[in-house]
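Please see the structure below; I have some questions.
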């Protein structure tokens, strides 16, 4: 088992013919992901290796979508996927206007679709499906669910976990933008409901109060062990630390506040990334 | 992209929000003409993109021409939080009976814009939120439909207004919502929205346009170049397309991916070091990008060592290694690399005599020690 | 019993202080309708006789709304009523832009609210509540449900019914515009579900194919007797006969087509308005 | 409000839809200049607000200047379905490979706009709908969100296009949807949308703006006065704010409420009479309104009798009665009145010698007999 996608999920890649799109479509396919087609308007009928390219999502007959389209086309492309009943809809692209991101999320909410991102490395259910740009070789099948606002930091921690024989059920980058689809709370609940996930690793960072809200939620609704790491303890206020969402505004969004909230509900927070595996072992 | 007060006010005026405007000058030589038009007294307001102008002495009232000349000269030669004051807004002071707050901000958790309004204007709204949260009225805006007129009216009513005042305030809130929508604002505020004997008046204006939406707003392209204020290093980073934040310490940091770079700062700090900067070279960086990144962080004086932390997914380690050699940094570099083409990178760097580490904590610790 | 409104329904009148609004608010109140307030932004605190005027619908605490606002304010006023959970929302005003009417209907559909109109005389549950501009003295309590696209023609037929001792459970003008809220089908179903309604009178006119669709619906879903009258047998094609919706386009919207469809499913159609009572008696 | 072909095409051009434009003339004297710019051959198209121009001889192709002059003169002096041709669109004929149909119409039952598209363009879409409904592709548009780009693209795909053609057609459909939304169109059509060697081209344009939305569209205020074509009676009725439709018969009809007036026509017809008009004085009519209504219907020659049918709710019967006396109609008037102030009205009219009836069928029957 895994959350959101598995080896049977039929995937369409929107924006499959761009440079990034081609590279990652091939890599996802090579990993064994059930890619049924790519979509690029005006390129329908072409092939990417043995993957057919369509003009519209409708023609691809997929269950879920991953999007590499340019930021300014993200809204219309995501709406197309959602309108066709696809879920999850994984939006890799960064620099999507926040107004468009909000539109997409509301449209998805009304349609009951799961959106991941935008500005996310995507997700992987190791051994089953890769729906993103994460480097698949560092992952291993297992029973830890990972959810993170960061990309490379996730790889760092996954690498430590895999080396320590702590494989993953699904690992998901929820995205580094201020407005994203699946958030910590909805993702934690999915892992809670997944019988093959035994514990969760939640990687947070400065900005907003999603970690604080997740802490409250964990207290009320999550029975499985959760460990955490929060990046940005030394970040100054008022500056965006790379990610659009990683900014301390006034007193809100500090790492201290997040760590405090998590500790208060019994979630251990690693001081350094490489300590995560040990914290997991302590709880399992 | 933040707009200066007068730029935001120009937009307010265009949309019909009653606004205290005035005359913008960038040279004291133009003050006399402004005073001739406006009369005395005048308010002189430094046009800078940081908060706390008032406390820093950037807002003054002048009663005579001499006073005005003196104050204008003073303000136009000051720096506020490191930013030089290049422009001054000269306007006629308003008779203020009461100060309100109206603004739209992003609610990350609801994934929607929120209208905030309060009878406690003129102060930082975050302070009001902390001390008297019951005095802030909130409405969550549907991202598909946008602000509806009755939401603006309900808000005006909740602030206690009726009659003509209710109608005016409804219109101001409704219009502010329209500007938010039309201009892709991620923040728009009138604080204070004053009540004067003539009615409501926007005394200040704050407007941040979503940088990612700039492709829809050619009208801002010119302004941005003119008024965005960056340090020379920030400017160089921006031009190179690198995410850079200047910090107080002396250990330069380069990594790929915002989260990993933040974690790198934290680990350096954990070992007692003080990072000099945040620099994310992003995914898929070339030797050229890496060289440029090193150039940028070494623009800062007093650098003692550099910590390079690469977890190569899309990024190829050998490219990064080549970039380091091309630049040949003036201070010791401590490199941690893993992932794509890791072996080749190690070979290149070892040959050139660089220190390579197997984990980020080891490399960070070495960089801290090496920087002492 | 009656459909949509009864003597307990708390009604707010939006646009109560205009000339039409005042006149009809007083008349509805005099009829015994449970009017709890009027709404005119900027006039909150005033009184219309003993009826308080509010600035917002929120303050009125009503269950349902009737709107006399100018056509260009209809969309925002109707949205206000719907957003406050009111239903039905009766839009009397004519000349509402069709784009705004469509917006209102979709907004209401998502919210689950009933909208009547725009461009309707409203409705009456005789002896219980008047929510419109219909002349109440011609109505009588009874068990016939009436639904109509027309105003004065309705009065004509109601008058004949009342004189013939055929009282009404509820009479509703669904409106003469091309795009309206409650239509023949949804209203027929309400009458079907109302235990105190024994038969229905459906008054149609040229334009569109609502009567044809209603005929199909009656065949499948309506067990109670229905009689009908269709106006516009002599109307020429291509001309709007007063009502925005009353126009024959090409072959569609003719009275012949509607009469034929209704007769085909066993609904008798009166040749002249005064024949309606006899047709009803034949079926009861 | 219907727009003329060239007016609709101007909007298409403004929005970037590839459109076959040309030069509009209202006088043959200007044709030479047009031919000089366009060259030969040319298509001459009568600009009138009714369908069936082609069949009526309102569209011609001229190969020589002489031919063009002759045809232009001919068309500019013709009437099509009773409307004089005042303007002529002169354009270069396109090389047509195929003709499509694209349009947006109101779906009353869904309460939404519907996009219709078909590969069978150039003919009446209603004919296509009847004969080969499977050749029309439909998309219902969400009234809150509007047409979404993928809906336009799916439509282009369903019509069989790929590659560049798909991209162009998607853009045309998407833009047409935007015009519909921006301009409050209740109908917008390109028929035919031609495929030419240069790509898609709108050869004709039909656009009906919602009269009720005119307050949002000051840009049409001027055009309406210039180009809307009404008969003198229709114009008088429009100015008086009365709903009037001219019919073929000789019995004038005045009533209150569209449904009641339609029923009045039907009843008159039932008794063997032929109504001369439809006239609805609306609710709450005054004596002045009634007088005006009588003036308008009696502008038509050959009137034999008048049937006045009032069911007074808001309308006061005595006001209507006064209006009849003020005008003093030249032909017999048969009045049926009931409702508000019915008794007073009866008194007034009886004194003046008018016939009053207790039901509409009696009055209608009398009017038919009286008119013979």
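Letters are used for the chains, namely A, B, C and D, taken in the order the chains are written, and counting of residues starts over at 1 for each.
The rule is short, and it goes like this: a residue touches a chain if its C-beta (ideal position, glycine included) is under 8 Å from a C-beta of that chain, and two chains touch if they have at least 3 such contacts.
None of the values given here were measured: they were computed from a predicted structure.
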| item | value |
| --- | --- |
| Pair with more cross-chain C-beta pairs in contact, given C-D and A-D | C-D |
| Computed distance of Cα centres, subunit D from subunit C, in Å | 27 |
| Rounded Å distance between subunit B and subunit C, as computed from the means of their C-alpha atoms | 55 |
| Multi-chain contact sites of subunit D, meaning residues that touch two or more partners | 144-145 |
| Shared-contact residues (touching 2 or more other chains) in subunit C | 107 |
| Topology of the chain contact graph, where touching chains are joined (line, ring, star, complete, other) | other |
| Subunit D-facing residues of subunit B, complex | 144-145 |
| Subunit A residues within the subunit D interface of the complex | 41-45, 55-59, 76-77, 79-80, 83, 107 |
| Interface residues, subunit D side, partner subunit C - complex | 106, 108-109, 111-113, 124, 126, 130, 142-144, 181, 184, 186, 210-213, 215-216, 243, 245, 247, 255-263, 265-270, 275, 278, 280, 283, 311-314, 338-340, 359-361 |
| Residue ranges of subunit B touching subunit C (in the complex, touch as defined) | 145, 148-151, 153-154, 157, 162-164, 166-167, 170 |
| Residues on subunit C engaged by subunit D in the complex (per definition of touch) | 71-72, 95-103, 105-107, 121, 133-135, 148-156, 159, 176, 178-180, 183, 203, 205-206, 208-210, 213, 229, 231-236, 239-246, 249-251, 255, 271-274 |
